[in-house]
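Labels run A, B, C, D, E and F following the written order; every chain starts at residue 1.
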Amino acid sequence: MTTRILWLNPVATDVYDAPIAESLRRAAAEHTHLDVLSLEPPGPTHLEYSCYEMTVGGQLMATVRWAEDAGYDALIIGCFYDTGLRAAREIATRMVVTAPAEACLHLAATLGDTISVLVGRRKWLPEMRDNAERYGFGGRIASFRVLDMGVHDFQRDADTSKARILREARAAVEEDRAETIVLGCTIEYGFYEEVQRQVGVPVIDATLAPLKYAEYLADVAGRFGWRHSKVGGYQSPPAEEAAAWIPGGRPTTAGVA
Amino acid sequence: MTTRILWLNPVATDVYDAPIAESLRRAAAEHTHLDVLSLEPPGPTHLEYSCYEMTVGGQLMATVRWAEDAGYDALIIGCFYDTGLRAAREIATRMVVTAPAEACLHLAATLGDTISVLVGRRKWLPEMRDNAERYGFGGRIASFRVLDMGVHDFQRDADTSKARILREARAAVEEDRAETIVLGCTIEYGFYEEVQRQVGVPVIDATLAPLKYAEYLADVAGRFGWRHSKVGGYQSPPAEEAAAWIPGGRPTTAGVA
Amino acid sequence: MTTRILWLNPVATDVYDAPIAESLRRAAAEHTHLDVLSLEPPGPTHLEYSCYEMTVGGQLMATVRWAEDAGYDALIIGCFYDTGLRAAREIATRMVVTAPAEACLHLAATLGDTISVLVGRRKWLPEMRDNAERYGFGGRIASFRVLDMGVHDFQRDADTSKARILREARAAVEEDRAETIVLGCTIEYGFYEEVQRQVGVPVIDATLAPLKYAEYLADVAGRFGWRHSKVGGYQSPPAEEAAAWIPGGRPTTAGVA
Amino acid sequence: MTTRILWLNPVATDVYDAPIAESLRRAAAEHTHLDVLSLEPPGPTHLEYSCYEMTVGGQLMATVRWAEDAGYDALIIGCFYDTGLRAAREIATRMVVTAPAEACLHLAATLGDTISVLVGRRKWLPEMRDNAERYGFGGRIASFRVLDMGVHDFQRDADTSKARILREARAAVEEDRAETIVLGCTIEYGFYEEVQRQVGVPVIDATLAPLKYAEYLADVAGRFGWRHSKVGGYQSPPAEEAAAWIPGGRPTTAGVA
Amino acid sequence: MTTRILWLNPVATDVYDAPIAESLRRAAAEHTHLDVLSLEPPGPTHLEYSCYEMTVGGQLMATVRWAEDAGYDALIIGCFYDTGLRAAREIATRMVVTAPAEACLHLAATLGDTISVLVGRRKWLPEMRDNAERYGFGGRIASFRVLDMGVHDFQRDADTSKARILREARAAVEEDRAETIVLGCTIEYGFYEEVQRQVGVPVIDATLAPLKYAEYLADVAGRFGWRHSKVGGYQSPPAEEAAAWIPGGRPTTAGVA
Amino acid sequence: MTTRILWLNPVATDVYDAPIAESLRRAAAEHTHLDVLSLEPPGPTHLEYSCYEMTVGGQLMATVRWAEDAGYDALIIGCFYDTGLRAAREIATRMVVTAPAEACLHLAATLGDTISVLVGRRKWLPEMRDNAERYGFGGRIASFRVLDMGVHDFQRDADTSKARILREARAAVEEDRAETIVLGCTIEYGFYEEVQRQVGVPVIDATLAPLKYAEYLADVAGRFGWRHSKVGGYQSPPAEEAAAWIPGGRPTTAGVA
């Protein structure tokens, strides 16, 4: 039985869709069918600012509704701010939803005592720190280390990126006593393996971890009915209201990588 | 010198604009010029669900940009979820921004040791609890008490609403040992005075407290330059990017109550 | 490629081995080969007391060593106290290790905001509360509810057990505002489905959740090399020392269910 | 309508009364009437030690009683330890009471994510850390930085003081990732503006922030009746008892700056 | 070698000196010489209000100085608010200082997982809760239970007091799952034994526990030099300053019970 | 009346028994009769790994049962991991049980605001940090400093050990602002005095502090009946079960130092 998973890049550019799709498909379980999607331009091509997260909110919610209707088993919102995670879970009734920070931090906390998150800019810290706290892992954070790179810098010159990540990962392990490393941006894909080999601790990739967490969540949802609880924070809005207020959805699957 | 404050009801209905404007103007300082605004329909007329908060995100950000450009000294985002507060502070460079939960909880924590928040529905709790934690007041919450009313119920039958609020406020003080009460929805306006008189503890109204906090913040911003810090979480996006990605703003002040 | 998982009942009785094996095998992934094992009598047949956990410590460690040597990909220590989890992870270098409380709480925290854990006796609470805190979920616990049943009571009269669990689960959802339920003993197996159906929130079974979490962890370990970090708390003892001090291991797989 | 605010320097020296009065009056609202007062010598001229706080306790309480009776709308206890804040709020029934650490930390937490407090001596840290925790801002403190100066050093050589504050403020922003700076002693007055100009983040002055917070609190007290709650920690002692036990009060307003 | 311990009732009445002295002497170690002292009238005869704690501050500090000079090995400040504990430790350089809440909570946390504190009035809670937090035991408090009695009520009618304490202690164990009980006022002396016998959990008396903790602290101070650290929060004020500012001390030991 | 205290080195070597016994006896109260015991070889001679703690679990529990039966008043489990403390307290009904980390941290938190713990290896940190959190002192830890020495290194070359401890203690006080130092391994005995003399803050020895805490606990147990509560986490297992499952105990006191 196939598990249909949607990786949604909540940005108005599809430049990362194909490489992420390719990488995730290599890593997916045999029974997983993976689609990758991004938002329609024009709009923010990165979400380094919370105001961009809000700006894409409407289209993001529409896409979540579409994904739920389209029968996906799991949805991954592909931004390390976990943009709209709570909101998406309200909409999802059958589908499970996860996101990179949640998936990476749960996993890192299982693999070691302390975690260092390597982020692009200092600006990202407060929102990510808040998320870590909310998920329960605030006390496990050894450090946030800043790479001084923006989202679109990571894949521009892979060697430079890898070198910086390597340097900060080493410092995190040695100076901050981190036992695990989390790469705190989905666009830091492609680097974990080499860094892990050299540093010798788990280096969690922010695309692969949520893929596997999504497979796991979809598995327990399908088998045991363990889905997002509907009696509290993830309660769904009344169907009629939602239909009226959450804009139209996605007419076709054109554009799915 | 006039302080220009904008109360923004982040919902696509203006039914609450006039009564809120009237009530706030009665309470405003002499030098305050207050405008009240809501979003353009169609769209959610309440934000009980986080997915509605995301849905209005684009128009909300556009309005925040407009308010900053229009020269407001302070902006209040009129929803007790404090929808988009972080995002709005990124956009604001001169203007200060606040919101009901922040303003009410800071004040209540100054007036008493423990706080009970009277909310409409159980569904609201997780998001409000998270906010209380982030603001630093998690340990001060004596209880969240649920009135079992939706946003649009509060003003439908004022006597019923007041009676329920009174009953829960009393129970909060007697059973939960709350020392202060916060009315956890902006549409619970009009009730604080009578409840306070009967219960004998401060009952903080979620429209008046942020108005006064906004006046205070605008005052210290104007006099001492104490505005939202721009070196971290409230850093503004590059101007060109923001201009391109945050949709158009508000063409006219038509519709300002 | 087969994933070999060992469920270890850390008690000196095999009465639960066959039913747990049967239930887990029904739930396991196709590629999972599952073994179930318990300890050699004489010794404690339940671990309700921490002194029994210590008493089985030697045999438990020996079995962990044996499992690592025998090539298991994942080990589950089948007690909701997560007995010896840290210790087992020191020994494991290739194998991943998990346990019920860890697996259930991570999952429940992903599915809802708040959790109620249904335990057998009040006596269990302090140790379980400590574990919940250490894992990061202390702030998410809506309640521990006590069933007033010992480990060996749960399967004695399934109808009574189910009725009590149902009653407390309902109360947890209604009175404590729990959004998810966790069955806080592995021997509460067999009940989750009916209770979940009646109460309408996720009811997490303490055998199935760790099985699936183990499959997930083994998957990411095998694919990406994400294993327990060896630079800190899970560092392995020197091989020679461990060989000398951790008693002999398990001569045969006889007794594996 | 005039708001009468009393700034009380809880030390037995009036050397700071005039400069603080002058500075505060420049910053006060038009409708504010500000008095500045200190205690009668002999006695401690600074409160760097908690034993001095206790020593001035009797005279401090007497002055609070006098201020309440004299009809002040707000009282500010002018020491960054917030000496006797809880006690003063018991006595105050109509008057509101605040103090520098409370006012500065609430404001800083509103303006940025993290706070660095620049204090005079390491000795001050435990008491200030405790206060920050109690107020809810412990998790927001990026650092306490020590200037190695006593209370009476700050105004002795303003250039040296400013240079040290500037150096530590810069380090706080760059090394500790502070987003806001709080000057952790009332006698650090006169420096915030220049430091803020050079460092580029809000630098909160410990005299101006509580003045404005007091005006805000007096405003909401007067308009809405939001005063310190009397059902719990701020309950007033029986009038007769208080009259007998809290020594005489202040016979004249002579000495009010 | 004799250990000289001073129990200081920080209230301006000696009515409790003799009974407390008698009870403590029965419980003291053979080598302990115990004195009991109270403050000079006129002044508060109880400290239920924080403003009374401040009011007695001057005389309290003077007595601490006198005790240090008089060669006491340990000082106990006999109020469950632990009035002036930090301040007294600044003054003490050779002498150790403790107080009831500190001693009782440390002990209770060693004897059981959770603690219920039985206090006189709801008014006391915020200050006691703050102390419990500061000492590290906030997470261990099962409940504060309110007896609705003032300090001077406890010994007025011993049978009534005991009956109320018994009732609340039982409820604490059964309803709040407290594993230990702390009597949260020194004037609740004389009741612990009977209550403990009937309830079956440790019931910690707020006079006996600090006596024994003081003996223990004096023992390790004398043998190993483990006294209050002087490099931070307990640093002593300069001798000359302290001599000038902390009023005169106690001329004679007249009045020592 | 004699207080009988057993110091149990939970390791299968008696090399430390005699020196610890000698040092403790010099420090014990007159009425204390002290025995020192270790486990039977073969087995771990140190417990740097949690898997060794589990390995000695059976013999440790047997010895605890023997100690309780043999009439000891207090038992100290001589490892800074506080191995099996909860378990031992279940078994003890008359005897009190303590351990080094508990005793040292309670004492250090009484003597100063912040604590630095000097441990042997980084590997030890997670377990010790967890214990500090559980005891309530997580927020008081200024730092864990790592000496890069194993248990058996400390007494090999006393001068080197002392020099390293001295260096890290100094750095802890100066760089980490520690107000007290705790030596985080029982085998760091013999060093505290010199280090304390040179560094000038309390340096708590991990053998002497628990001895004195045990004397104190035995004293209050004997006089007031304040023993480990039996209604919750320290409830004893049914006698018959425990007799059957906790292996045989210690036939003779041969081997007691």
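The rule is short, and it goes like this: a residue touches a chain if its C-beta (ideal position, glycine included) is under 8 Å from a C-beta of that chain, and two chains touch if they have at least 3 such contacts.
All of these numbers come straight from a predicted model, not from anything done at the bench.
Trainee: Which chains are shared contacts of subunit C and subunit F?
Mentor: A, E
Trainee: Determine how many degrees of rotation, between 0 and 180 and to the nearest 5, align the Cα atoms of subunit D with the equivalent atoms in subunit F.
Mentor: Going from subunit D to subunit F via C-alpha fit gives 120 degrees.
Trainee: Which of these, D-F, C-F or E-F, gives back the A-C interface, meaning over half of its contact pairs coincide by residue number?
Mentor: Interface equivalent to A-C: E-F.
Trainee: Approximately how many whole Å separate the CA-defined centres of subunit A and subunit B?
Mentor: The computed centroid separation for subunit A versus subunit B comes out at 30 Å.
Trainee: Find the geometric centre of each of subunit C and subunit E from their Cα atoms only, then give the gap between the two centres in Å, rounded to an integer.
Mentor: 45
Trainee: List, in ascending order, every residue of subunit C touching at least 2 other chains.
Mentor: 113-114, 122, 125-126, 133, 139, 177, 179, 231-233 - these are the residues of subunit C that touch more than one other chain.
Trainee: All pairs of touching chains?
Mentor: Every pair of chains meeting the touch criterion: A-B, A-C, A-D, A-F, B-C, B-D, B-E, C-E, C-F, D-E, D-F, E-F.
Trainee: With touch defined as at the start, can you tell me which subunit A residues reach subunit C in the complex?
Mentor: Residue positions touching the partner: 27, 29, 98, 102, 106-107, 109-114, 135-140, 173, 177, 179-180, 192-193, 196, 200-202, 204-205, 208-209, 212-213, 215-217, 219-220, 223-234.
Trainee: Going by the contact rule set out above, which residues of subunit E touch subunit C in the complex?
Mentor: Touching subunit C from subunit E are residues 113-114, 139, 177, 179.
Trainee: Which residues of subunit A touch subunit D once you look at their complex with the stated criterion?
Mentor: Spelled out, the residues of subunit A in touch with subunit D are 122, 125-126, 129, 133, 138.
Trainee: Please name which positions on subunit B make contact with subunit A in the complex.
Mentor: 12, 42-44, 48-58, 60-61, 64, 84, 86-88, 90-91, 122-123, 125-127, 130, 133-134, 231-233, 235-237, 241-242, 244-247
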